[in-house]
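Look for subunit A in each of the two complexes below; its partner is subunit B in the first and subunit C in the second.
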Partner chain A sequence: MDKLLYQKISFFLWNLMILMWLMGVYLNLNETSIFLEWSLGGGSINLSVTLLFDYVSCFFLSVVLCISSNVIWYSKSYMHSDEDANRFILLVLGFVISMMFLIISPNILSIILGWDGLGLISYCLVIYYPSKKSSSAGMLTVLTNRVGDVCILLSIAWFSMVGDFNMMMWNLDSILSNNLWLPTLIMVAAMTKSAQIPFSAWLPAAMAAPTPVSALVHSSTLVTAGVYLLIRFSFLLEIRCLYTLTIISLMTMFMSGIVAIYEFDLKKVIALSTLSQLGMMMFAISLTLYNVAFFHLLSHALFKALLFLCAGILIHGVGGSQDMRHFGGLAKSYPVVASCLNLANFSLCGIPFLAGFYSKDMIVELACQNSYGVFIMIMMFVCLALTVMYSLRLVFFSFSNLKNGVPLQSLCEQDKTLVGPVVILTLISLLSGPSLMWLMFPFPSIILLPPLLKLAALSLISISTIVMLGLSQINLTQLNEMGLVSYFIGSMWFLPVLSGQGSTWLGLYKSNYVLKILDQGWLEYYVNLLSFSTPNKINTLVMNTQHNSLKVHFMVFLMWILLTLIYIF
Partner chain B sequence: MWFSPSLILMLISIMSSVFLILSSPSLFISWLGLELNTLAFLPLMLVKKTSMSSEGSVKYFLTQTLASILIIISIVMFFLDLNNVGNSLLLVGLSIKLGAAPFHSWILSVAETLNWPVLFILLTVQKINPLFMLWNFSSYWGNVFDVIIIMSLVVGSLMGLIQTSTRLLMTFSSISHMGWLLISVSFDLWMGVLYFFIYMVVLLPVIMIFNIFNISYINEFFLMNFSLSKQILLFLSILSLGGLPPFLGFLPKWLILQVVVSMGWYFFSLIMILASLFTLFFYLRMTFTAFILGGSSLFETKIFYSLGNLNLFMLSLSILGLPLFLFV
Partner chain C sequence: MAALIKKALINPVLRNNGIHRLQFVRLAAYWNKDWKPGPYPKTDAERIAAAKKYGLLPQDYEPYPDDGLGYGDYPKLPIVSADMKDSLYNWDYPEMKRDFGEPMNTQYDVFTEERLSNARTRFSAKFTLASFLGVLGGFLTLHLLCEYNDWYLRHPWTPPQYPNQGKTHYTFEPVD
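And now, the complex of A and B:
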């Protein structure tokens, strides 16, 4: 294999990103979009290959390419001890190509090609390490994604009713006025991909994949495909579906926030924080704030990928352990990584003037303006506070907790290939916040709020910070004595069990009977044995009547002739 | 051996009997043609002088003579204005000539005694005359005809399942195909002719294989060693005889089935399909033992046969000839 293969691929993707970024800026400033269509004819259904380049797809493409370029450069060093790196790089490239295909296609047929490619390749990446945990995680991932695929396949039938597979060509009044099928299908598909509440079990389980895969796939690209689909199909979603989406996204945010406080696996905590931010994005969509949701998608992608890469370096540093209780006091050993991780965490929380602040705060303020009710607003603020709490818990356990720790740490920070992507992503995520905001929202929205609500977000963040700082000093063993509540929250509200055994136990139990009694029982007897012996017996009986003697032949002829003559008369 | 003058005389006589029957409007001259056919075929059976050949030729002669007697009696019945008796006797006589069930037992005895080329002529050329006469002098045959057809199909397929001799296997397959042929003749002569010609084209490679390797029993199948590509051709030609879709043997079955179903004869079509399934089973069993379950590791036979160009052409016609449906 080429020594500089990873660098070459990374450099190519970086150049592509710059191209896409420039095109996106140009398209945004001129408010145009480029629509390429190759029409393949076809009677009542218009078959065509279409590509859509507008500022949404170009910005998303540039973010995806930036993250994948850095992740591939990072994985040069991260996966160097793995002898199967060929497979890894091919899978990652396949993933990037599927994502690119999904982003630039307004055609439901090519969307499903990209969507299926994403699901399949993410399965291959999750089962990369040959262990039982990876295998069961992969199965959960691919089957949950498959549910979404089925929904999109059904929606293809709906598209064929209108006569065109492009989403640009819809005439809403005639068909969709009172029809909930298509919005529901698209919403369920987006929910499976973005791991909302009935389908959330796969995202923490998919952390069995290698860390670069988690950075690329499970933080920024795969899970945001669902959000992107909803943004593209924004014209379809109507108020009844969106209300359901509000409830579900709030439940997802709340659940992932609470579970992240109980979780000790570092990557699972980051996965749950991804889940929480996905809930925030879905929440924004459900309030019809599509542009803001898209902005939050982009900035979240960048700093979540950064968070995963830093976590990977920490995991390498303490010798492969992912449990936070093995970390401790790492800030002195990894200063650069610690600062980048802290920056990422702060922008996750929504500290002012970092990237997350622009998107999250805008969502919160706009939600306070056009929300459905008090309870929803309270839940949103609670989830904001939870975000701060688990982020600070992560920082505490990794960096400032001096009671734990490993005696032997490896100096990963000397490796430029590991730290380079981290630093570059930090710079880009710092710069992307304001620049995307200025590009995408040239005219600020008017926000009129009472002073309590205006300051609510900021004050909640500060209060949660102080609370967590206080909690870090006291003894927390009382947390374990909450019994059933602990059990409920710690096993992620029983969602993994429900997604796996919960839905399959009856079918497997019954099919055991079918296998033992029918397939290996009576069918064996009747089909295999009797169907051979019966013709043999009949045939031997008949052959006994056929001798080779001519007299017998003629006697048989005579008998049949007599029968014929009798029949005539 | 093959091209001695006496044999050429016999072949020309057979051909002239075919011409005679194809061009005669009267039953009597047709009967004359049938007699000429019988007499000309007899020396062909006696070319290879084994102990069985004389027995087979005598059985053939006596059976065919009986059939011709029945045809003459039916002519007399027509003159006596006993049309229904005449019709049924004519049908019986022609069925005996054809070897259709329930009058098939003689052809089994005779086929066992013949060598492969003569068996090919017995199974194909000798059937032209009675078939044409069936079409030419057909009137309302009644239920007797249906009984003959169904019995041919059923007997040909079911009895073939336990045969061990390849000659008898081919004979039973020809009885089953006779059922199909009789249905096609009762619709339209052109379809009967088409079925017949395709049957000849498809049967020829199979019998050629058996002739080259001198296979008489199904436990001798593993002796066919060929290069792998030619083995595939032979395998596919047997499947074509069974009537599998991408091959030529499927074309006549498809056409006839379409006509039968469009006329509404659903019971017939059911019997036809089931019978062809059974025949396909024993072809498949034959080919699996021959080409897939390798027994050649036991006997290291180093004789490699090469197929000539004409043989390859016949094989490929049988396998790739399905687009002929465009010209039907």
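And now, the complex of A and C:
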């Protein structure tokens, strides 16, 4: 294998990212879109492939390519000891191509090509390591995503009633004006991909994949495909769907926030943090804040990928353990990584003037302006507080808890291939917040709120920080003695059990009879045995005609004469 | 209604004193006579011989009941799913967690590593579903109580007190 393969691919993707970013800025400033259409045929048959380049697709493409480029560069060193590097790089490239195809498709048929590609390749990436944990995680991932694929297939059948598969050509007034099927199908598909309740079990389980895969796939690209689908199909969503989405997204945010406080696996904590932010994006969509949701999607993708890359270096440094209880005092050993991870965490919490502040604070303030019930407001602020709490918990366990520190740590920070992408992503993440804000919201919306609500988010962040610092000094082991509550929260509200054995046991139990009768029964006979014996008999018959026998030749000649006479007369 | 139809039409065709009369499907896979279980053991000597044949102690041997659906003398073994078996034991076939000559349950292939598990869990399946739905339902109830009611906005109030009670001060007609 070419020693510079990873660098070449990373460089190519980086250049493509710059091109897409410049194109996005141009299209945004000029408020234009570019349609590229190739048509085949004419008359009654017209096949066309359409690509859409507007500022949404160009900005999303640039973020995806930026993260992919840095992750591939990072993988050169991270996956160095892996024997099957070819398979890894091919899968990652296949994933990036599927994602690019999804982003630039205005056509539901080409969207499903990218959508299915994402699901299948993410399965192959999750089962990359040959272990039972990976294979069960992979099955959970692919089968949950498959539910979404089926929903999109059904929605294609509905879309065939509106005359064209391109979303720009649709006339929804006549047939689909009062129809709930289409928005429900699209919403369920987005919920499966973006791991909303009750499809949330696959995202923490998918952390069995290698860390670069988690950084690229499970933090910024695959999971945001659902949000992107809802942003593109926002015109379909009516008030009842949006209302349901509000409740589901808040539940997801709350569940993931509170489970992250009980979790000790570093990658699972970051996965639950991703789940929480996906809930925030869905919450923004349910408030019809599609542009703001897209802004949060982009800024979150960057700092979440950064968080995963930093976590990968820490995992490598302590010898492969992902348990936060084995970390401790790593700030002295890995100062650069610690700084970058802390910056990503601060962005996540919404500390002022970092990337997350612009998007999250805007969502919170615009939500406060809407006239929703007090429960939604309280839940939103509780979820903000939970975000700060689990982020600080992660920092406390990794960097400041000196009691559990591993005595022998490897010098990962001297490897520029590992630290380089981390530093670059940090800089891009810091700059992305204000730059995207100025580009996407050139005219700020007027937000009028009473002082309490205006300062609520910031004061909540401060109060949560103080509370967590106080709690870190107290022995909380007696919380585990609560039994059912801590078990319920720690096992993610029983969702993995309900999604796994809970939903499949009846089908598996009944299909046992189908297995015994068909698979190990008649199919064994007709496919296994007859597939050998029947061609064997035909072969014997054919061979009998090839003995150079005159009788056979004259028979064939006679048959030919007879057929010719029949044809003539 | 369904029960009546079942009793009147289906049972006489399909069941004869509890035994299936018609068999719509039959196994067509490879089969040989050595795999066929023996007849249901009726005497003690037959039970001991059957237990020895399947590698079990006589006190552990229990055949399936002879109700016509027949496993013959094949033992009724407890279902132990693959995840409940010790992964550190030196199995003869470690990928199946099975020793040579070990009698297998008739439904063993449903309880392999990647399929069903009958492991004893801390809480039953019904409890897990009920607790999940209960928590979600609780939050939904709280939301519905707050969204469609303004009980938290109501506070005690007195009617407005105007001077000269009974006199009309304003009629709020639009200005022409």
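Throughout what follows, the second predicted complex is superposed on the first by the 501 of 569 C-alpha atoms of A that agree within 3 Å, B and C clash if a C-alpha of one lies under 4 Å from a C-alpha of the other, contacts with A are read in each partner's own complex, and residues count from 1 in each chain.
The definition used in the following text is that a residue touches a chain if its C-beta (ideal position, glycine included) is under 8 Å from a C-beta of that chain, and two chains touch if they have at least 3 such contacts.
This one's a predicted model, so the numbers in the text were calculated from it and none came from an experiment.
Engineer: Using the superposition on chain A described above, determine whether A:S503 touches subunit B (first), subunit C (second), both, or neither.
Structural biologist: Touch status of A:S503: no partner.
Engineer: Have a look at where A:N15 lands relative to subunit B and subunit C in the superposition and call it first, second, both or neither.
Structural biologist: Neither partner.
Engineer: Go through the superposed model and pick first if A:K516 touches only subunit B, second if only subunit C, both, or neither.
Structural biologist: Only subunit C; A:K516 stays clear of subunit B.
Engineer: Please name the chain, subunit B or subunit C, that touches the greater number of residues in subunit A.
Structural biologist: It is C that touches the greater number of subunit A residues.
Engineer: Scan A:F494 for contacts with subunit B and subunit C and give back first, second, both or neither.
Structural biologist: second
Engineer: In the overlaid three-chain picture, which partner chain does A:N404 touch, first (subunit B) or second (subunit C), both, or neither?
Structural biologist: Touch partners of A:N404: none, neither subunit B nor subunit C.
Engineer: Between subunit B (first) and subunit C (second), which does A:S445 come into contact with in this model arrangement: first, second, both, or neither?
Structural biologist: After superposition on chain A, A:S445 lies in contact with neither partner.
Engineer: So in the superposed three-chain picture, is A:L565 touching just subunit B, just subunit C, both, or none of them (first/second/both/neither)?
Structural biologist: In the superposition, A:L565 contacts subunit B only.
Engineer: In the complex of these two chains, what residues of subunit A are touching subunit B?
Structural biologist: 535-536, 538-540, 542-543, 546, 548, 550, 552-554, 556-557, 560-561, 564-565, 567-568
Engineer: State the interface residues of subunit C toward subunit A in the complex, per the touch definition above.
Structural biologist: Its residues touching subunit A are 25-30, 107, 109-110, 113-117, 121-123, 125, 128-129, 131-132, 135-136, 139-140, 142-143, 145-148, 152.
Engineer: Quick one: which bits of subunit A touch subunit C in the complex? Just the residue numbers, please.
Structural biologist: It comes out as residues 132, 135-136, 139, 197, 247, 251, 254, 372-376, 379, 487-488, 493-495, 497-498, 501-502, 505, 508-509, 512, 515-517, 520-522, 524-526, 529.
Engineer: Where on subunit B does subunit A make contact in their complex?
Structural biologist: Result: residues 58-59, 62-63, 66, 70, 84-85, 88-89, 91-92, 96, 102-103, 105-106, 108-109, 112, 143-144, 158-159, 161-162 of subunit B touch subunit A.
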